[in-house]
Structure formats: structure tokens, C-alpha cells
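Here subunit A shows up in two complexes: once beside subunit B, once beside subunit C.
After this line comes the complex of A and B, so read on.
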């Protein structure tokens, strides 16, 4: 007789909502054939419910810490974890996905009957990355990574009109599967080295210095880091990003890039900080080297791009480097990493939403020339993009500045002064890249004269992204307080 | 353990045989210029790994490997090749000129992994290998401790199914769609 396991519904509530939500979207589409705009709305409602579920976890955790309720923050024998880190990640991922639906609203509407599948994949992908961020078990991490990534591979090839879109999907799929295989190989070696798949066990074992097979463990950890570095487009594992972010339908790229970055960094930081912080002397140097390479390669290669989406992809590599600068600080860097990720992910969705409006929602590629004179064709888009790009560049008074300052400060305190110097250089170079686009928008003659329309969902996304850039730039304290306590268990 | 002891144990003979078969098939999977042959060599590689699992008394894992990988995945693979109009004969395009870097990478990977595993396990006898796997224990673990990952895999399958269908399905034009609605 098998004893049934104890089910903690609260711990899996966001996952359940998103998984069932994906099924509901598909079934509603089959049964009632609603207008595509309504399906977008339904998807946002489901994401809102998932956010409420995550909020309920936060409420429970608060009461649990106050000693008012019993129960373990590690239900299912530690398979899932309810901690502030996971809750912050969940809220951020759901927000990014909801903004992604807004940014891709026109793309999903253009899909006709296939919109339901696209939205279902978006919901499943979100659930995967939430899972990735809310577990200390490496098996669960692998599952989360796969659920999140497989949905994104398909979304990259969702547009049938563009051959480049299919090329992007195939590239993403092949290289992504390869990276996942490397990740799972690493997990197996970590298991061989420690006899456990749980990061909390690893921490205990390392603290007591009873690791039997350090060589196997280190190789395993290295492979795990490689697998995750691929997902967050850190150099030298970034080669796929420009092609994929250029070729995938413009309406999907924003949340594709943002979800993978948030989920990937959440897992990377948890593995390194929760499980292996006592090895920081070993992995710190490697991560710092990766950060340097990402920042320099990303910034300098972005300069020579003639396509805005490739430019954003390379600048994304540089941003991955900046975030890695915070990772080298260990636990004390987690708050800054979260702040950076939150700000950057939302700006990224906003920037790709502008791309979708300028080049068409299902388009592949977005030459810089089509941004010339954008201020005259559609001043709202030009203004929004200017603010977002200044935010990404890290100009003072924007939240990008606070984010960069945070990670640099943490790296400096952790003794990586030289890394901060390199990061400053890279910041200056990347400022030049963004300035180039802004100059083109305001000081060059437009190619065409037709005005671009801005749909209502797009307007909401842009307002949200601008608010994150400007309001959090002036009043960062509430979010800084929140991120500072969003630490892993 | 000296060479005489090693030779006197039949299990070592079987292991060597299986390991050589596995390595040979593995190499041929990559070097074969015929997709069907490559798939069949993959069967060989998987079958010999199943044999290795049997040597470790993990008969459940061995049988799963045979049933799922050889029985389902490879057969699906062969069907896929034969039903789609993929070229069945030799295909030179399957090869490329960057053999040397690929070989160097594989050799380095092999060296690193062997070094790490030999360092980790040398001189320590692994015990408990002879005990048969208890399928009941596996089942209890799957529905007890590992119930969440077990169920979460269904999310993965759902995503893969939706993806596979949307990518493979032929899109109807609006006119065709209307015609279909009407019937």
C-alpha cells in the first residue's frame, strides 16, 4: 500500500493556475471561438490570478515567519520552496508575461485561430520559469528550464510568413537543447560528487567540508553554470541570441528574452549562492571572467549592428555581464541582481514592443534605417523608446542608473574593483550605442511618411515601462527595500 | 586487483564486450553518412547501455531503456525518416569539414570526465551493486517523494504537444477556414 503524499496546494498554486489556464485558453478557443483580442484578455486575467496565488504565498510566508501558522516552507519533501526569492521571481515573471501579452497583442490577433496555442505556450513558459525559480532541487530546476524553454522555441518559429523566423526557431531549439543537455550532465555530476540533488544539502555538506569528490563536483557545477549562462545569453554562450532575437516574431521577442533572463538568473544565483557560496573563491573568478567577456563583447559588437533587434540582443549580452557583476558578490549581491533584473526585463519588453509597432508584429528583422525620423512619424513611440534606451544606458535619474550602481557597488565591496572598472568602460560604450538610435530618431529624415498607429495594449505596456524607468529612477526606495529582502532560503 | 583476477571474472569479459560495442556504435552514429544506418547504430549503442545496466542489476532501468528508447523513440525516428521524403541513401551533406576540432573537443571532454571519475571513485569499492532494484520502491518514490516532478512532467509534455502540432499543422487560408466551418 502506497501512502499518498501530503499535498500543499498553496506551494503549487501559481503553477496550477498557469497550467490549467493554458488548458482553459485552448478549450475556450475551441468551444466559443472568441475574437482574438478577448483571448489576450483571458490570458492576462489568468496571469493576474497566478500573481494572486504568488501573493497568497507571500502572505502565508509572512504569517509563517511571525509564527502564526505552522507548516514547512519546503513542502513535498523540499521539492518546492516558498521563500521571498521565489515569490519575488514569480511576481516579476508574471508581470513580464502580462506585459508581453500586451506587447504581442497585435501579433496574437494576427494569428487567427492559432492565437490560442501561442497564448497557451506563453502561459506554460511562464509556469516553467516560475518553477525554475522556486525550487532548490536540481531535478525540478531542469524540468522548469525545459518547460520554459520548449515553449519559447516554438514561439520563436510561430510566424509562418518569415523563413528567418523558422531559422531562428531551429537555431534556438538545437543550441538550447544542447545547453539543456549540458545542464543535466552537470546535475548528474553534482549528484555523483555529493550524493544529493538538493542545494540546501550541498550547502550543509560544503559547510562541514565533507565533500567526497570535489573534482567531480566542480566539473558538474561548471556544466550547470554553462547551461544557465546559455539561457541568460552570457558570453561566450551568447552566439544564438542575435539571430533568434532578430528572426523570431517581433511581438514575442520581448517576453521571450525577458522571461529567459529572469528565470535563468534566478536559477543561476540560487545555485551559486544557496548551494555553493563557500566555493565563491573558485567560481567567483570564473563568473567575473564571464562578466567581463559579456560586457565587452556585447557592448562592442552592438556598436557595429545595423539591425535594431540585433543591437538589442548584443546589448542584452552586455546587460547579462552587468548582472553577473552582481553575482560575484554572493548573497550580498542578490538584492541588486533582482533590482537590475526587474528594471531591465520590463524595459526590454517595452523596447521590443516599440520594435513590433515599427516593423510589424510578425516581422523578422528591424533595420536601424526604419527608425530614422521616428519622432516625426510617431512622436509617442520615439519618446517612449528614448526614455527606455536612456534607462538601459543607465543615465542618472532613471532606474537603470540605480540598477547599475547597485551591482557595481556590490562587486566593489566583494573585492572586484577591476571588474567595476571594466563595467564602467562597457557602460560608456553602450551609452554610445543607444545614443546612436536616439539621434537617428530625432535628427534624421524619415524614410516613409505614413504615421504608425499605437494600439491600446501597446500604450499600456509603454506607459508601464516608462513608469518603471522614470518613477523608480526618482523613488527607488520601495523596490530597493523589497529586493533587499528577496533572499533565497 | 591484478590482471589474473580481472580475467578470471566473467563479468569483466561481458563488461568489456558491451563497452566496446557501445563505443563502436556511438562512433558510427556520428560518422555514418546514412541516416537510417546512424539510427540503427543508435539502437546498438542503447542496447549495449541497457546491457551495462543489467550488469549492475538495474533490470528495471535496462528494460525501460529497451522499451522506451529502442521500442518507441528509435522506431518513431525511423518512421519519421521513411514517411517524410528524406533521402534514404548516402548523404554527403551529413558530413562536414570540421572533424578535427570536433575530435579534439570530444577527446578533451573524455579526458576530463575520465580523470574526474577515476579520481573520484578509484580505490573505493562501490558496494550494493548486486542488489536488485525494487520496482515497488521506484513506484513509491515516484508517487511519494517525487510526486511534484512526476506531475510537472505533464506540463512539459503538454507544451511539447502544443508546439509540435502548431509547427507541423498546415495553415488554412481564411477562405478554406470558412468552407470548413460551413460543413
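After this line comes the complex of A and C, so read on.
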């Protein structure tokens, strides 16, 4: 007898909200033609509802663990999963997207009637990455990855008057599709090697050492890692990032980069930790090598950049390396990875929000020279960016320090002491990068004298990013406790 | 109470932040006033502190995050007590000396107060992670103080300062993590608590690596030859208050760290590393002094003299005798007082003449008699004239290191002579003779404000010089305890008469 798969709408509630929300945004735009600012507000409300949906999942999970409700955390035949890992990822992604709307508010307003499309794409992209993080099925992961990424490809080219934006979109699309193809080929090989697409099956099979074709499985796993490494801009699969993050509209880059990083790492860690942790001896070294390459390449190449957005992109490569330092620790590193991702993603949105304010929301490129004397032209922006950069550098009393400390500690405990030493050297190099920008802002004369205005949504984003950097730097314990229990099933 | 000492300056910074930007005339007076609160508390700390005891006192300990073993763990002993008080004393003085700063004064006062919070935190922290947080966090205010209010090459100097120290502390952080991991493996739970890590059994090669990582961080801070090149740049470019705090306190983080962490946590490795550390210390003493002789710039001269003087402290520390150790700790304080005063004096003449070149002065003694007198007095204290504070420290270091490292001690003694040469020669060129340059003939002597802020330092030079027991009673037990631990855990035996009590016959009748 065939049992019908269990249906639990709660498991896909955030996805439903976001998907329907995207449609609502488009319909509202057609029907009432509201002012663009209103549409931004609507998008944030939808994201808020999605966050409530995720919160409801958490509530359900709590009761489920207490044995108060029946039902499986793996409804729809195991296609999606409700676990703490997915819930944390969902909340983080929704937060990043909401801040992204704030940071890009002026860009969306400048789009006029196309704003609705942009916001709908943002909502869809968020839903894709949430799906990516909340499934143990590799094919569902692919689905989430594509929904998330394709929306971002379109957004990268959304500013039509900028040729560099188009170039960025094409580059992102071609290379991104290529990476997706590699990912899905890897999934196929993993299936060929084990006979299953479910990471939970893989864990069982590996524990019992029932592997059909171990060599095929390893190649497949390698390709899956490569596909995800592309999304999180880990070296040597990072080459597209500087061009794309330089060319895409400034108002969108922050959440583009942050969503892809959070989603990508959520999937990468789940694949490696849930499915293949018993192979950690094999993939640990590979991931450590990728971490070393990312940290060193990212930090050193960032030093020679003359465009702030390229600089942030390369520093993003280095950060991917730092996060990978936590990945090598397996399950015990998951909490630290989450803390790092949460802090970094929000700082990233904040930093690109400053870029949008300095260079214009639809601009491509943001030469470092335009940051000279920013403290004189707009003290709020300069102060915010300084705090964010110090946070990214990992200076104590900022949350960036706690984040780095966490991943380094886990790597050390997992026996990767040498990796920590390399990481420390890379972080000193990265100090230099961020200091250059701070020096330019505070200690050099401004080019233009006109004051820059800071819109209200931008102000909210900056305050949130500063709060994440400083408040979590001084009082990290609550978030540390939360991330420490946000483990995958 | 210790928590309050750290929090107070931060609160003071907040108070200054609340003053409206237009009332710029209020920043310094209010800054000085609010920084009196930590000073008062530090005075109270001095009274509360029980002299003659070796262990940590007034300990506060709360576990903050058990999975990491991270706790809010503060305590004070004879090694950190003088430095805490010195910090609390020098901050109001250097703020009061900063009248020349007009540009972005509010931030300046705030950064200085935040720096104070960080510095006191470093000396009080007994949790290694907490220590590291403070150790690294003080870079930020110092970086801005040099980078915004410094001289012409301030940006270069600020970045150099930051990167040098950040590099050292990066490796130290790896070592701190390693310690916690080893502790976790041995004791079951990771910990950063200093007192727990003391009992850790670390195998020899690991402990040597860890020692090296800590020593590198502190050697850059001290700075020991050949890692000193950031110091002259930072000093020359920094504003007066920056130079004072940098020389008087920031450098002491290095020597303090060497005693507290290197000797404390890695006794065997400390014994093994004595030849290297002592040799570098002596090179630093002679090199710093020789380079100081030829400096045409008064501030650079004082900066290089710091390299030389700090060499004495490191030599005393690694002589591994209680005389050397206690002498080093006392010399920490003495150098802070005298060099702080010297930088203040150089700053005062710079505010009047806008030059620091010795060649631009001449005959100042005639024009500014009070200034000249204080300058000469401070120079004597710095050289180590008996009866003044510098003598006690240097004498103890030399007498303490002679039994252990006789050759080093003899060479180092030459450094004392060289100090007399570079300081007195500089004094001769700048102060004696007839004021020939017209700019020098109309210079004003010290005003009341300057006299008031120099007075406590001058008094301390005399008090410590004439009655060092005030300090010794508190420092010596802790220094002896460090040595006791080394002797207990290794087969090292301090050479006779390596014990201070054998030499000076003090600290017994308490």
C-alpha cells in the first residue's frame, strides 16, 4: 500500500508568502499604480510576514520537540525540512532582504514603474535561497539555487542605462549557469554513487558503508562543492565576483552578495555536515585548501583595488575563506558559521548601502577617490562605514571579532591549527585594506564639497548594521547561544 | 570595583559625547573633570590593595559564555597595580596638556577616554580572551589620535603603528586559542582564565611555539630591537597627549605582558629563551641610546631613549631574578613618569615655537627658567640620578641581572652612561648659552596650568626616588611569586643573590 506523503503547509509557509507576495506586488502595481516608495513598504511587509511564517515554524518545532504535536519535520515526502538550521537561515535571509529593500529604496524609486518587477524578483530570490537552506533533497536544493540565482542575474542587469551593468548581468548569468550545471551534474553523480538524492540517506549509507560506487560519489560531491563554492565566491571560483559586484546597480549589490553567500553557505554546510560528515577526512583538506586560497587571494588582491566595490568583492572572497575555516570543523563549526554569516551579511548590506549613497543608487563602479574626505561631506555615512569596516576587519568589541574568533576556535579544535595561523596573517592584510578606506574618509581632503543626503530607509539600514556590529560586539552571548543550537537535522 | 574602573572612563566618554558640538570651550575642562573620577577610584584602589601579598586581589569573576570558557575575570596584583594607577593619573594630565588641539576636540577627548578604559582593562583582565579584546581594542583610539591630530606624516605613522601591532597580536590570538583548546582537551572544558591556564601541562615544543607567539606580540609593543621601527614614527607624528600615553603606558603593555603571560604561562620556555631575549634587550639598550645621541629632533630623541630604557626592563625581566623582575616592574612606572613628563615638556615648547629641532633652540634656560629647571630635573630622573625615581629601577635591574647575566649587565650599565650623554648634550644645546635666535628671546615661561600638570609627575619622581618602599612593598611579593613558580615548575634555580630580600633586606618586617 502506498502511504500518501504527509502535508504540512507550515513547512512551506514562508515560501508561499514570498511567492504570493511577489505576485501581489506586481498586481498592486498594475491595479493602483502606487508611488514607488509605497511598493518598497509593501515588500518589507511581505518579508515581515514571511519572517512571521518562519517564526511559526520555530514555534511548531518547539512543540514538536516537546512532543505536544504530532507530524514529521520532514513533510512532503522529505522534500522540505523544518529544523532549527532552516529556521535560522530563513530568518536571516528575510532580514537581509528587508535591509536590502531599505538600502535599495532609492534605486527602486528611480526605476518608476519597473520597481514592482525589481521588488518581485527580490522576493522570489529570497524564497529560492530559503528553499535552498531548508531541504535535504539535492534536487530541491538545485531548484532553490536556480530560483534564487536567476532572479539575481536579472537584477544585476536592471539598470538599463549602464552598459557595465549589462556586462555584469551577462557575466553573472553565463558563469552562474555554468556553476549550476556543475552542481546538478555533481548531484547526478552523487545519485549514481549512492542511489539516493537525500542527504539523510547518504548519512545512513555512509555510516553503514553501503556505497555503490565510492569513486563516483567522491567526484559528484566534489562537483557539488564546486557549484556552491561559486555561489559563495570562494577561490578559485571567485573570478566573476569583482566584475559583477562592481557593475550591478549599487542599490541591489548588497543583498545580491549577502543572499547568495548566506544561501550558498547554508547549502554547503548542510551537504557536507548532514550528508557526508563521515568523509570529513577527505573533504576537510580540500575545503581547508579552498579556505587558504580564498583568504590569501582575497586579502592580497583587495589591497591593489582602486574601486571600493571591487575591494568589497575581493574582501568578500577573503570572508568566504574565513567562513570555510569554520566549515572544516564539521558539525561543531555550524554555530560559528551562522554567527559569522549573520554578522557579515548584514554588514555587507550596510556597506553597499553606503556605496549607493556615495556613488548613486543606479551607478556602476565606485572609485576609492570618491570616499576621500567623506567624513567632512557626510559624517553619518563615514562613521557608519568606519564601524562596518572595523567590524569586517574583526577588531575586538565589534561582532566581527566574535565571528572570526568563533570559526578560528572551531578550526583549531578540529586540528587545523595551521589554517588558523594562515587566517590570522590574512586578517592582518585585510586590516590594511579597510584602513585605507578609513584613512581616505577621515584624513584626506574631499574631492567635491556638496553634502550627500541620507534618505530615511538608508538611515534605518545603517543603524541596523551598526547595531549588529557594535551591540553584538559587546553582547554577543544571546546570538551565540541561538546559533549554537541552530544545527541541521 | 575593578569593573567600575574600566567602565568609568567609557561613561566619561559618553558624557563628553553629550556636550553639544558648539560648546567647544567645554570639552577639555569637562574631559579633565570626568577623568578625575577614575583617578579617584584608582587612588582608592591603592588604599584597598593589601601590600605584601602576592596573589590577585579584589578578584571579580563571572562566567559569560561557558561553551567557550569565556569569563569576565578581573584582578589586580603588584605587577598591574602601579600601571593602573599610572594610567588613571596620566590621562587627565595629558588631556589638560592638549590645549593646542582646536580641531575636532570633542572626538579627541572621547578617544582619549576610551583609550583609558581599554588600557585599564588590559592591566586588569585575567581572562586571556578578555585581555586580547582590550589589547586589540586600544589600537583603534590610538590609531585615530595619531592619524587625525598628528603631524605631517601622520597617516603613514598611524597605519604603520596599527599594522605592526596588529600583526603581533594576530599570532598571539592564535596562541590564545591554542591554549584554550589544550585546556579543553586536558580539563574537559575550554577556559581562558589565567589562573586555570597556569596549571596546564603543555609539552615542550608546543609551549615554545606559544611562547614565541606571545613574545612576538609583546616585543613589537615594547618595542624590542629589531621590531622598534614603528615607534619613532608614531611618536614624532603623534600629538603630545598621544605621545605621552603611547610612551608611558602603551609600551608597558609589552613589558607587562612578558612578565604576566610569557613568564607566567610558559616557565620552561622562558628559561630556554633567556639568551635570545636578554641579548635583544641589551642590543636595544645600546642601539637606542646610540641612535638617540645623533637625533636632531627632540621628540625623536626621547622616542629612541624609550627603546633604550625599555631594554632595561626586558633585561631585568629575563634575568629571572626577583630583583630584576621587581626592578623591571618599577622601571615600568618610572619610565612612564619621566618619559611622560619629557613628552609633555617637548609638547609645551612645540606649542610655543612650532619646532622640535634641537638646533632651533639655544639658551632657553635664560628665557624660561622654570621650564628649564623642570626639564633638567626630569632628565636627571631619566638618567637615574640617585635620589630620583629612575635610579631605583635601573639600579635594581642591574643588580638583579648581574648574578644571572653578568656580561649583559655590564654592557647595559654602559647604557646608563650613554643616557647621560644624549640627554645632557641635548640639554646643553637647547638650554644653555645665550638665546641668539630672536624667536627664542620672547618665549613665555611655564604658566600656572602647565606647572599644575607637571607637579604631580615631579613629586612622584621625588617620592619614588626617596621612598621606593611605597612601590616595593606592593611589587616585590608578586615578582617573587612569578620567580617561585618558575623555580617550582622547572629545574631553574635563581642564582644567589637572586632574591631581592637577600640584597636589600626589605619586605620582611611587614
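We take it that the second predicted complex is superposed on the first by the 483 of 489 C-alpha atoms of A that agree within 3 Å, B and C clash if a C-alpha of one lies under 4 Å from a C-alpha of the other, contacts with A are read in each partner's own complex, and residues count from 1 in each chain.
The rule is simple: a residue touches a chain if its C-beta (ideal position, glycine included) is under 8 Å from a C-beta of that chain, and two chains touch if they have at least 3 such contacts.
Here the structure is a predicted model, which means the values were calculated and not measured.
Novice: With the two structures overlaid on subunit A, would subunit B and subunit C clash, or do they fit side by side?
Specialist: Superposition result for subunit B and subunit C: fit.
Novice: Under the stated touch criterion, which partner chain does A:396 make contact with: subunit B (first), subunit C (second), both, or neither?
Specialist: In the superposition, A:396 touches subunit C alone.
Novice: Taking the superposition as given, does A:412 touch the first partner, subunit B, the second, subunit C, both, or neither?
Specialist: The second partner, subunit C, only.
Novice: Determine, under the contact definition given at the top, whether A:3 touches first (subunit B), second (subunit C), both, or neither.
Specialist: In the superposition, A:3 contacts subunit B only.
Novice: Please work out whether A:385 is in contact with subunit B alone, subunit C alone, both, or neither, and reply first, second, both or neither.
Specialist: neither
Novice: For A:477, using the defined touch cut-off, is the partner it touches subunit B, subunit C, both, or neither? Pick first, second, both or neither.
Specialist: After superposition on chain A, A:477 lies in contact with subunit C alone.
Novice: May I ask you to name which of subunit B and subunit C touches more residues of subunit A?
Specialist: B
Novice: Where does A:259 make contact in the superposed view: on subunit B (first), on subunit C (second), on both, or on neither?
Specialist: neither
Novice: According to the stated criteria, A:121 is in contact with first (subunit B), second (subunit C), both, or neither; which is it?
Specialist: first
Novice: If you take every C-alpha pair with one atom in subunit B and one in subunit C, what is the shortest distance in Å after superposing?
Specialist: Between subunit B and subunit C, the shortest C-alpha distance works out to 39 Å.
Novice: For subunit A, give the residues common to its interface with subunit B and its interface with subunit C.
Specialist: none
Novice: List the residues on subunit C that touch subunit A in their complex, please.
Specialist: Contact set of subunit C toward subunit A: 64-65, 67-68, 129, 132-137, 139-140, 143-144, 147-148, 154-155, 158-159, 162-163, 166-167, 170-171, 173-174, 177-178, 180-181, 184.
Novice: Would you pull the subunit A residues touching subunit C in the complex into a rising list?
Specialist: Residue positions touching the partner: 390, 395-397, 401, 405, 408-409, 412-413, 417, 420-421, 424-425, 427-428, 431-432, 435, 439, 442-443, 476-477, 480, 484.
Novice: Sort out for me which residues of subunit B touch subunit A in the complex.
Specialist: Within the complex, subunit B touches subunit A at residues 112-113, 115-117, 119-121, 139-140, 143-149, 152-153, 155-156, 158-160, 162-163, 165-167, 171, 174, 177.
Novice: Quick check: in the complex, which residue numbers of subunit A touch subunit B?
Specialist: 2-5, 12, 15, 19, 22-23, 26, 76-77, 79-80, 112-114, 117-118, 120-121, 124-125, 127-128, 131, 137, 139-140, 143-144, 146-147, 150-151, 153-154, 157-158, 160, 169, 189, 192-193, 212-213, 215-216, 219
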